[in-house]
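Each of the next two complexes has chain A plus one more chain, namely chain B in the first and chain C in the second.
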Partner chain A sequence: MIAALAKLASKPWIWSFLGAALVWLAAIAFTAGYGAGGMLTAALSLSVFTVIVGVGQMFVITLGPGNVDLSLPANIGLASAVAMKVMDGDDRMVAVGLAAALASGLCAGVANYLLIWALRIPPIIATLSASFVIQSIDISYGRGLQIKPPPGFADFTNIQILGVPLIAVLTVLFTIGAGIALHRMVYGRSVLAIGQNIRAARLAGLKVEPIRFLTYSICGMLGGLDGALLAGYFRGANVDIGGEYLLASIAVVVIGGTSVAGGKANIPGVWGGALFLVLLLTMLNTFGVSAGVRLLLTGLIIVAVITAAGGQKTTR
Partner chain B sequence: MAVADVTIVSLDGVEKSFGAVRALGGVNFSVSRSECVGLVGHNGAGKSTLMHVLAGTAAPDKGRIVIAGVEQRQYSAARAKDLGVRCVFQELSLCPNLTVAENARVFHPALRGFNWRRKAGKLIVDKLDEIFPDHGIGASDLIQDLSIGRRQMVEVARAFTVSDRPADLVILDEPTSSLDAHTAGQLLAFVRRSVANGVSCIFISHILGEVLRNCDRIAVMRDGKVVVADRAEAFDRNKLIAAMGGVHQSEREVNSASVPTGRSQAPVRVRALPARQSEGVELIAHEGEVIGLAGLAGHGQTDLLLSIFSASTRRRVGVEVAAPVALVAGDRQSDGIFPQWSISENIGVRSLSKLRDGLLISRRREDDLANAWRDKIKIRTPDMHNNILSLSGGNQQKALFARALASDAAIVLMDDPMRGVDFGTKLEVYALIREEARAGRTFLWYTTETDELKNCDHVYVFRNGAIVADLARDEISEERVIQSSFAGAH
Partner chain C sequence: MSALAPPAPRQSAGINWRRLARALLPALSLTLVLAAIAWLNPRAISYFGFTLMLNLAVPIALATIAQMFVIAGNDLDLSIGTFVGFVCCVTATWLKDAPLVGAAMLLGCIGVYAALGALIYLRNLPSIVVTLGMSFVWQGLAILLLPKPGGKAPDWLLAIMGVKPPFIPFPILAAVAIAAVSYFGLMRTSYGAILRGSGGNAIAIDRAGWSLLKAKAGLFALTGLFGVLSGMALVGITTSADANIGNGYTLLSIAGVILGGGEFVGGRVSPIGAVIGALTLALAASPLLTFMHIPPDWQVAANGAILVIVLAARVMISQKGRE
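For the complex of A and B:
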């Protein structure tokens, strides 16, 4: 039993789940237990959107120092507009709309990689400049209007089975698949190897550039998918819909125990980190603090958690 | 040797464990003033750990450290530096993004003022001139642009520079492993001169001849203990090997005369023209051949290997490759090791598609592959799932050999791969290479040790990025190689 606990404590993702549990307990202690289940349901639904882009961001960050995708918010915004326009309020067009959102995300990912590879721009600059271009396209394409999703699609994103959102279940399945890809497939092994030592990876015969291309493309596509789902859940696409996912996608990766230096990734931690962030906001809202204090506390708590998780790593 | 009785360092019952691995099991060791002590032993015998303890970079679990007659209780790297203990580690410790002069300044905080850069540059370049005349290194060169051999030269020279603190004891951990025969000779001559002037040295090397010729006293380590320590005259090569244990044969010609001297009639696997070669000799390797790349270090051998490597995946002008290629890196930290991974994962990474079962990598196949190679190449570890960094340097290198030899590659490129590999292991690896070559593999082997060229069927000597000599098997000798390295085309 103690051995099992020690083994659990050595997993870097355990801390993010502990943190999530703590803020949840703090919130329901404040409300004297009222709304405990509802909070979890809402947290699961909202976490889904962070987890989907968080997984994409995690693969990118794992490629090694300097790799990050900062174009996700713009990408999510454009894809949400593309999906809603293609669906055009018609339930029969949902599949086509989703495909269009994925294609839009894929274009963003490919553009990112081409900037990084062909022009040799550092990823942080390349994806940031790409995000301005993408956002401009979104503004001229969507014309700033809020476009409504088809009713069937909006309902789908809100289905619950015994209090558990259906999209959360599907996303858990997706993350299990991503975990298998990371640890048991040639693709994932290659990403981990490149993140540790790109020269050694090349000399060990791994296909470094194709893997990097694939990783940025996948991250882009996940951003696109996220855009479509967000537009369904919040009943409308708009330019700013992805705004919060710039910090959130990186924060959940780091809180979850993935190494910013690359080469070490952690899938369960992305879930833990996302639940923690969402429940943290819920807790601060139940405390009734003002927006300014909420932002301040969110920032401080993220720093504290990352420091604690980092300290844990060096002692081992 | 008049003042040899003054003991400047003595270690008494020093023990050190890393997790379950007991690296030092009660070591007694001492060095006198103006003495050069050779330290030999197999990979994992504890030599490097002992030197880390002495340099203050690893704290012993138990035991006493006495320096200049005073017992050191709060010993650290900074304290070691104050006491004049310098160390040239096997894993080079220069900052790659700084220049030669800046690296000297990092080591000597006493170099202050507006012109510290010039002072530091002069200090290091003067020392380089003294040790390695015609070294060709500038004070403003970035370390990352230097070849590994030159980096080692800077590292060695820096250890001997003096500003405000003395250099009484210099530890040289395999200083010649990336140097060619000529530069290694310069270094050893300098070590003798320094020792005559009152400096003490600890010299670690797997090249037993160097140790026997240059040291006053030799200590042999085995399984974390000093098993014998005596005056150098009391040893010869066979006695040293016997004391190290494990290898029962003395140095024998691994390859008997059974190999024909002419070029093989087998199909050509590699055909490569060095980038700076306008005409003339082309490197050709047939199936089943072991081809040596010789010459002074950093004269284009590694570049050619890298261009052959990249030609295996995309077309390159002047290089033709007819089979899959694997590379054994010599600079294992930057070109070989994946530091977060286990030994098994490090070995399996070149064979991922072979380890697949359907879409997924089979854990069982990966473990089987790793365990098979642990037995074949004798990697010393209780568990192949341990992190690769838990191995000693030489054993890490064995894992890199296993990675290449376990792969499907019919051509194996070796970039001076025997750095930090002990004598017994070398013999085993030589035998393995011959065995694999007989089975049809082609080896291209860049080495800075002339002795190793005896294992080759054919040798190309490099100078300034071009092939200047093309020696058949019966023409290979140290004189021929050195002569070609300096004299240019014959």
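For the complex of A and C:
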């Protein structure tokens, strides 16, 4: 029993779930138990959007130091507009719209990788430059877009089974798949190896560049999918719809125990981190604090959590 | 004569040339942007034109130098933008109404930055996440201090930022001064070499007996100091503050450092290049695009394109250097 607990405590993702449970308890203690279940349902729904981009960001960050996708917010915004325009409020076009959003995300991911590869610049700057361009395309393409999502698609993002949102269940299945890809497939093992030592990976004969290309493309596609789902959930596309997912995607990855230095990824932690962030905001909203205090506390808690979790020990 | 000036070692001459080309690239891109502006609108190249166009370059250059110090230590500050915004709010409220309290608050901010550096070193934390968290903290504090845009810059600050020196516009003088101070501080003093070394080869600096803790805290404190200067300069120009005024500075400052020839790892930064990079971005960001009649929708894209073009040029030079 104690050994099992000790083993559990050594898992890096356990802390993010503990944190999520703590803020949830604090919130329902404040409301004296009122709305505890509803809070969880809402948190699961909202976490989905962070988890989807978080998984993409996690694969990118795992590629090694400096790898990060800063173009996600612009990518999500553009994909949401593309999805709404293609679906055009028609239920029969949902699949086509989703495919179009995925394609739009794929284009963003491919553009990111081409900039990194052709210019040999740090991914931070490459994806930043790409995000400027994508944002402009979105502003120009999505100007005055007032299209509502098809009713069937909007309902789909809100279906609940015994209080559990359907998209949350699907996303859990997706993350299990991502976990298998990470730990049991050549692709995931290659990503980890590249993140641990890119030179060694190259010398060991791994196809480093195709793997990096694939990773940025997947991250872009996940951003595109997220944009479509967000537009369905929030009833419409919008340039700023992805704005908060830049910080959120990086934060959940790191809170969840993935190493910023690369080479060490953690899938369950992405869920823990996302639930923690969403429940934290829910808790602060329940307390009825002002926007300034909410931001201040969010920041302080993120810093406190990362300090308590501590950084990875340097391997020498 | 030849005895007094021995010929330079021939071996290094070739390498130096490429290094020179790389070092001159930031200046070259600035010249190109200036030439484009001159061609599109000759009247902009004047004392008055430069004062107007480069007005906002001073706070951007200061923020870029601030970012450069953390990058020199292999870290990244994602909170500099909201920090500049917070400093703006403090300057426009407390520093004007109660100068002593305001000054104490700003000094306290630098202390917070030094403490963050120490925390990041002691707990071996990823700076990206810590500063990400801090960006929420600064923004929250700024909104608490100034929920609505307002406040007023202290008169002495307005006077400083409004100085009209003879012949050379104030922003250019200020940029030269910023570049000179940070260049001599970081590149020409012995402790500056230690600071850069802490990013280049931390183990070597540690074995040589220097405190890495002090170096990290020092680099972050310098970031805080230049962040404070940037916020004060910004309020001196805009005359009032807004909690979101500095948000764009995070990405601008990172882009400025990289445009100026800095690299993310290895303590390799260039203060003069960073200032030039900041000027290039400030000029390219709006005056150039306005003169080119680029519709507002595509101005952001043009910014990205300029970044890509400069970096592509850098790759071409470096590749030639390798062959």
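The definition used in the following text is that the second predicted complex is superposed on the first by the 308 of 316 C-alpha atoms of A that agree within 3 Å, B and C clash if a C-alpha of one lies under 4 Å from a C-alpha of the other, contacts with A are read in each partner's own complex, and residues count from 1 in each chain.
Just so we're on the same page, contacts are C-beta pairs under 8 Å (C-beta built on N, C-alpha and C of every residue); 3 or more make two chains touch, one makes a residue touch a chain.
Just so it is clear, the structure is predicted and the values come from calculations on it, not from any experiment.
A.B. asks: Name the contact category of A:Ala3: first (chain B only), second (chain C only), both, or neither.
C.D. replies: Touch status of A:Ala3: no partner.
A.B. asks: If we overlay the two complexes on their shared chain A, which of chain B and chain C does A:Leu295 touch? Say first, second, both or neither.
C.D. replies: second
A.B. asks: Touch test for A:Gln135: chain B only (first), chain C only (second), both, or neither?
C.D. replies: Second partner only, chain C.
A.B. asks: Between chain B (first) and chain C (second), which, if any, makes contact with A:Ala200: first, second, both or neither?
C.D. replies: first
A.B. asks: Given the touch rule stated above, what does A:Gly66 touch, chain B (first), chain C (second), both, or neither?
C.D. replies: It touches chain C, and chain B stays clear.
A.B. asks: State whether chain B or chain C is in contact with more residues of chain A in the superposed arrangement.
C.D. replies: More residues of chain A are touched by C.
A.B. asks: A:Ile121 in the overlay: touching chain B, chain C, both, or neither? Say first, second, both or neither.
C.D. replies: Once the two structures are laid over each other on A, A:Ile121 reaches chain C alone.
A.B. asks: Please work out whether A:Gly263 is in contact with chain B alone, chain C alone, both, or neither, and reply first, second, both or neither.
C.D. replies: After superposing on A, A:Gly263 lies in contact with chain B but is clear of chain C.
A.B. asks: Okay, in this complex, where on chain B does chain A touch?
C.D. replies: 309, 324-327, 329, 334-341, 345, 349-350, 352-353, 356, 359-361, 403, 407, 409
A.B. asks: Provide the residue numbers of chain C that touch chain A in the complex, in ascending order.
C.D. replies: Its residues touching chain A are 76, 119, 123-126, 128-130, 132-144, 147, 251, 254-255, 258, 263-265, 297-305, 307-308, 311-312, 315, 318.
A.B. asks: For the complex, give me every residue of chain A touching chain B.
C.D. replies: Contacts found on chain A: 180, 184-186, 189-190, 192-193, 196-197, 199-201, 203-206, 263-264.
A.B. asks: For the complex, give me every residue of chain A touching chain C.
C.D. replies: 65-66, 68, 70, 115, 118-122, 124-125, 128-133, 135-137, 139-140, 143, 247, 250-251, 254-255, 260-261, 290-303, 306-307, 310-314
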